[in-house]
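In what follows, subunit A forms one complex with subunit B and a second complex with subunit C.
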Partner chain A sequence: MFDTERAKRDVGMNDIKVAARNVQVYYGDNHAIKDVDVDIEDKTVTAFIGPSGCGKSTFLRCLNRMNDTIDVARIEGEIRLDGEDIYDAKVDPVQLRAKVGMVFQKPNPFPKSIYDNVAYGPRIHGLAKTKADLDVIVEKSLRRGAIWDEVKDRLSEPGTGLSGGQQQRLCIARAVATEPEVLLMDEPCSALDPIATSQVEDLIDELRTNYSVVIVTHSMQQAARVSQKTAFFHLGNLVEFGETGQIFTNPQDPRTESYISGRIG
Partner chain B sequence: MPLHWLVLIVLTLGAVGYIVGRRRAMKSAGGDARFLHSLPAYYGTNVLLVTVVPAILLLIVWLLVQPLVINNQVTGTIPDESIPEGGSLGLVMSDVRRVAEGLDTAIDAGAMSREEAASIRTEVTDVRQRLAEVGVALGSNVRPEVLRAAQQYRSLDATGDLAMTVALLVLALAGFGYGVLRTTKDFRARNVVEKGILALLIGAASIAILTTIGIVLSLIFNTVEFFGLYPAWDFFLGTTWAPSFSGRGGASELGVLPLLWGTLYISIIALLVAVPIGLFAAVYLSEYASPAVRSVAKPLIEILAGIPTIVYGLFALLTVGPLLVDVFGAGGIFGLGWMKGGTAVMTAGLVMGIMLIPFVSSLSDDIINAVPQAMRDGSLGLGATQSETVRQVILPAALPGIVGAVLLAASRAIGETMIVVLGAGAAARLSLNPFEAMTTVTAKIVSQLTGDADFASPEALVAFALGMTLFVITLGLNVLALYIVRKYREQYE
Partner chain C sequence: MTDMTASGASAPVRKHATSLLAQDARTKRRNAAETRFKIYGLIAVGIGLTFLAVLLSSIVYNGVRGFQQTFVTLEVELLAAKLDKKGERNIDDIKKVSTFGYAPLIDTAMQNAVAKIGYDSPFEKAKEYRPLLSASVPAQVRNYVIANPDMIGETVEFRVLAASRVDGYLKGRVTRDSIARDKNIDAAHLDITDALHDEGVLKKTFNWDFVTGADASESRAEQAGIGVSMIGSFFMMLVVLGLSLPIGVAASIYLEEFAPQNRFTDLIEVNISNLAAVPSIVFGILGLAMFIQFAHLPQSAPLVGGLVLTLMTLPTIIISTRASLKAVPPSIRDAALGVGASKMQTVFHHVLPLAAPGILTGTIIGLAQALGETAPLLLIGMVGFIASNYPEGLVDGFVSPNSAMPAQIFEWAKRADPAYYERAWAGIIILLLFLVTMNAIAIILRRRFERRW
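The block that comes next holds the complex of A and B.
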């Protein structure tokens, strides 16, 4: 039923990149995430699946402290990136977000040129000493975003003029330009057509060689296609977490089984 | 019949029509509203509209046209030789109208009967004396031809009023009958009322547009008249503003350049104050402030916009001016002696800038809020700080809108009058020193029209040319602002 080919290709153990323990998230009085423990491995694609409103995007946004920008959100528990607690007072959320990049549901290129969109992060973090360095970073990022060939002749044109799929790949290129260690993707393909989706999925698979990728998706086929590990969220709880092949073929929890067979959600 | 009675009768007829129309519709459907094409109220409204609207429109047109027609007829009866030397027909006609009104007042006061008013003769009675007894003061003795014209004026007016009353009532009754007869259960009253409402809305929009056209035309005609009396070349390129107050003609120099310079100088200072402060306030309110702070601070800033400009003028005259003299004047803190009096370009500019702060901040705030949250998330997600996000993503994205806001603020600064009158002084001069008194186009329009100069003299008519200049400048700025805002608005779509 599900194509888990890529999952089978690699089930070897990698280092733990992000370790979450006992995480609770409250939106005002609403307890949105309950007791979530999860280990996200390096050089692995981890998929978060679950019905709408189950808290998967909320949990994703905890990993780079994007929930800090929401006034009513409150987070408890512990999230460690390479062993360091990211909610510690010593940690600068701005630095953290440079290490944990994010790609959003809707492509959101800045109203700047394609070049400036990609150069935005490196400029802010001072990653390039000279203009030539910056050119190299931009080209490398656009190549990793699998969009270089389409835009190399029009780098000075606005990023908003690209098609939806191109915009999303530009946003991915923009995110990898800051050399993150973890890349968070919040439903990156939900606004794209099947062809663009397939391009982005291929890209996610390639990104795995360098980064730890976490992807939130509504499409179980997509989770099966691109991920090695899958976490199933339901009503704010992490119900089941394991290898993708196992989750989709032999789920342990009855709720997971109901969801992937289409009975709930 | 007095006007308000007439209107009341028409409205009552309309109300009766509403009830009758509604009843008739219900009756034609056998008392069951489900068989009607429209809801019963629509049938009533339809009769109400056809009764009232044409009658009221006729009333308005009649009231506008009747005085013109009567004026024309009466004017024809006045012999040319009765127009005094140096006077005009218009002056005689205003005498006629004044006497006619006086006779009306006398009749109302009971000092004169209707027949007496119609047959009274200056040769027999002292009309001026009789009218003065009822409180109507006339400038000179009433001449026989003026009195006769006034009597004719009154009789024509009475005839016209009678004709109007009859026509109005006939029209209202005809509308009433037409509306009621058309009411059957298959009549599409709903659609007809819909069209009536459409016409009403179009009418409201047309009044606004026609008024604008009227104002512009009056500016243009008077400006053309002014340029007939005073060379346009000297007006646009003259560097001296020195109207003579000695009466008509003579040695007035009416160069607009000193006034334009004053206007621009004061506006520039005002914008230098208002744009940074307003913009920073907007950035704070939309990006940094918590909802609690925002809900208090935003209305407080907008209170500034509610202060009447004359109060700002007082503030400039009594507080800011003396304060600036203490700092920059002779014997001031720095002992510079740059500033001689409290009224100066700087005084007016600073206060006007304060006045414009809420204008810039609330427009910019709306524009910054319109930048999608996705832009902020994208930037923050790349590890940018909040101020980097504002500077490099939000402000560039909002820039077209902000430029539009600044241009609109500039039009307001250019058109501002009271602050200038009180804060900047009245001396028209071309100078670079911001601590000197100067004046603006608007302030000079006020002083040219509030004097007792003859209205046909270039000294008074120049106000229209100044107004026209100002209008063209602000119109240009507004058009530019709208163009910029429109051109870049759909950038995020």
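The block that comes next holds the complex of A and C.
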């Protein structure tokens, strides 16, 4: 039923990149994430699946502190990146976000040129000393975003003029341009057609060689195709977390089983 | 649908008309309602356009005459015996001769001008020609003599203002009937006017002095111009722009992007909306109390006017800026934060440029409102008749007493002489030209910003 070919390869041999312990998230009185523990490995694609509204995006946004921008959100517990607590008072979320990049559900390129879209992150983080350095970074990032060949002749054109799939790959290129260590993707393919989706999925598999990737998806097929680890969320709880192959073929929890067989969703 | 007959209990009910070519009653009613609504809309638009047309045509009809003025070409003999009795050309001696000393020379010049065209004048004394010319003429000639003392003794040609009544006669404002009880001028003067006009000595031409000039006394409508109060308005707008744009934008950015959502910020928000609805005269009396009586800033100064108008404009700018900041999609903020931009970088690199066209429009609308505001200026002493002197330099432009265009127009409209009424209309044309220009600038800038990637 699920193609877990890719997922079966090299599992469980990597270091822990992000470790979350007893994470609780409240939106005012709404307890959106309940006591979640997760270990996210380096150079691995981890998928978060679960019915809509179960807190996948919320938990993902905890990992780069994007929830800080929501006034009513309150986070408890501990999330460590390479052993350092990212919610420590000394941590500047801006610095954290350079290390933990993010790609959003809706492609959101800046209304600037393709070049400037990619160059923006490196510029504000001072990653390039000269224009030539910046050119190199932009080209490298666009290549990693698997979109270089399509845009190399029109780098000065607006990024908003690209097609949806191209825009999303541009956003991925923009995210990798700051050399993050972890890449968070919140339903990156939900606005894309099947061809663009498969291009982005191939890209995610490639990104795994350099980054730890966390992807939220509502498509179980997609989770099965691209991830090595899968976490199943339900009503704010992390119900089951394990190797993708095992979750899809032999789920331990009855709720997981009903979800992947289409009974809750 | 079709298998309803299977039950056999009831015949199938046809809900729709049999033919698509015939409209059923319901459709007819709906279409009629739609047509009626379209007609109401057209009537509303038509009424609006009619008012606009009436407004514009009456403004133009009444106003254009204000830009024209009647001038007389006059050859004045600058008699040395009158203007420099000692004959030493000492500037101090020349200055001692007041405008009363010049008046007889001008009367004579006028008499000669009438004689020259061969008109059979009923007047015998030169003085009787005086009502034909503006009372400003002696001063004009005197200024010339003081500037060019060596011309004393020569005959010099001047282009001088005709009297307001003469000007009005040529424009149709003054008629022979209307002067019947006028002590200043008789029918004989109007006959002379006709004769001089036929010979081209007296001519109605475009009057730049109206655009550049200062306000004049109540009895010299022909001399009054809107220039000085235009300068007053200009300096006020500098103050308004310089203060309300940075303060308004900073406040809006803070409230919209940084401030937490709580009771306190809600309170601020409600109060800003309320301030926008406060009548402008309230700001005027506030300015009087705050800036003049408390802070002892100079009265009638464009600086104070600008401060008062800033208070008035701020809510407009804040409301429109916040609206345009709100209109920037949150996904752009997420994108910038996501690549590690700080909040401030996010705002200044991404949100503000996208909001700029809206901010700009709001600012220009605010400025246009401020430019047309009259009531608060009257309270702080920027009344029309103050605008009688040009400011000397930049600082003086801000602090020396002046008026503003709308206050000047109000002042003119208030004066009894119909010649001033005409100038009020002309002033309104100038004011409207400024507003149209400002809007054009807003549109051009907005286009520029929108195209920039």
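The criterion applied here is as follows: the second predicted complex is superposed on the first by the 264 of 265 C-alpha atoms of A that agree within 3 Å, B and C clash if a C-alpha of one lies under 4 Å from a C-alpha of the other, contacts with A are read in each partner's own complex, and residues count from 1 in each chain.
The definition used in the following text is that contacts are C-beta pairs under 8 Å (C-beta built on N, C-alpha and C of every residue); 3 or more make two chains touch, one makes a residue touch a chain.
Please read these numbers as outputs of a predicted model, since none were measured by experiment.
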Evaluate whether subunit B and subunit C can sit on subunit A together after superposition, giving fit or clash. clash
Check the residue A:Ser113 against both partner chains and state whether it touches subunit B (first), subunit C (second), both, or neither. second
Considering only touches as defined above, state whether A:Tyr27 meets subunit B (first), subunit C (second), both or neither. neither
Classify the contacts of A:Met102 with the two partner chains as first (subunit B alone), second (subunit C alone), both, or neither. both
If the two structures are placed on top of each other, which part of subunit C overlaps subunit B: 4-12, 40-48 or 184-192? 40-48
Across the two complexes, find the residues of subunit A that touch subunit B and also touch subunit C. 64, 66, 69, 71, 94-98, 101-102, 104, 106, 108-112, 120-121, 124-125, 171, 174-175, 178
Within their complex, state which residues of subunit B touch subunit A. 290-291, 372, 374-385, 388, 392-393, 396-397, 491-492
In the complex, subunit A touches subunit B at residues 64, 66, 69, 71, 94-99, 101-102, 104, 106, 108-112, 120-121, 124-125, 160, 171, 174-175, 178
Subunit C touches which residues of subunit A in the complex? 64, 66, 69, 71, 94-98, 101-104, 106, 108-113, 120-121, 124-125, 158, 171, 174-175, 177-178
Contact set on subunit C toward subunit A in their complex: 260-261, 329, 331-342, 345, 349-350, 354, 453
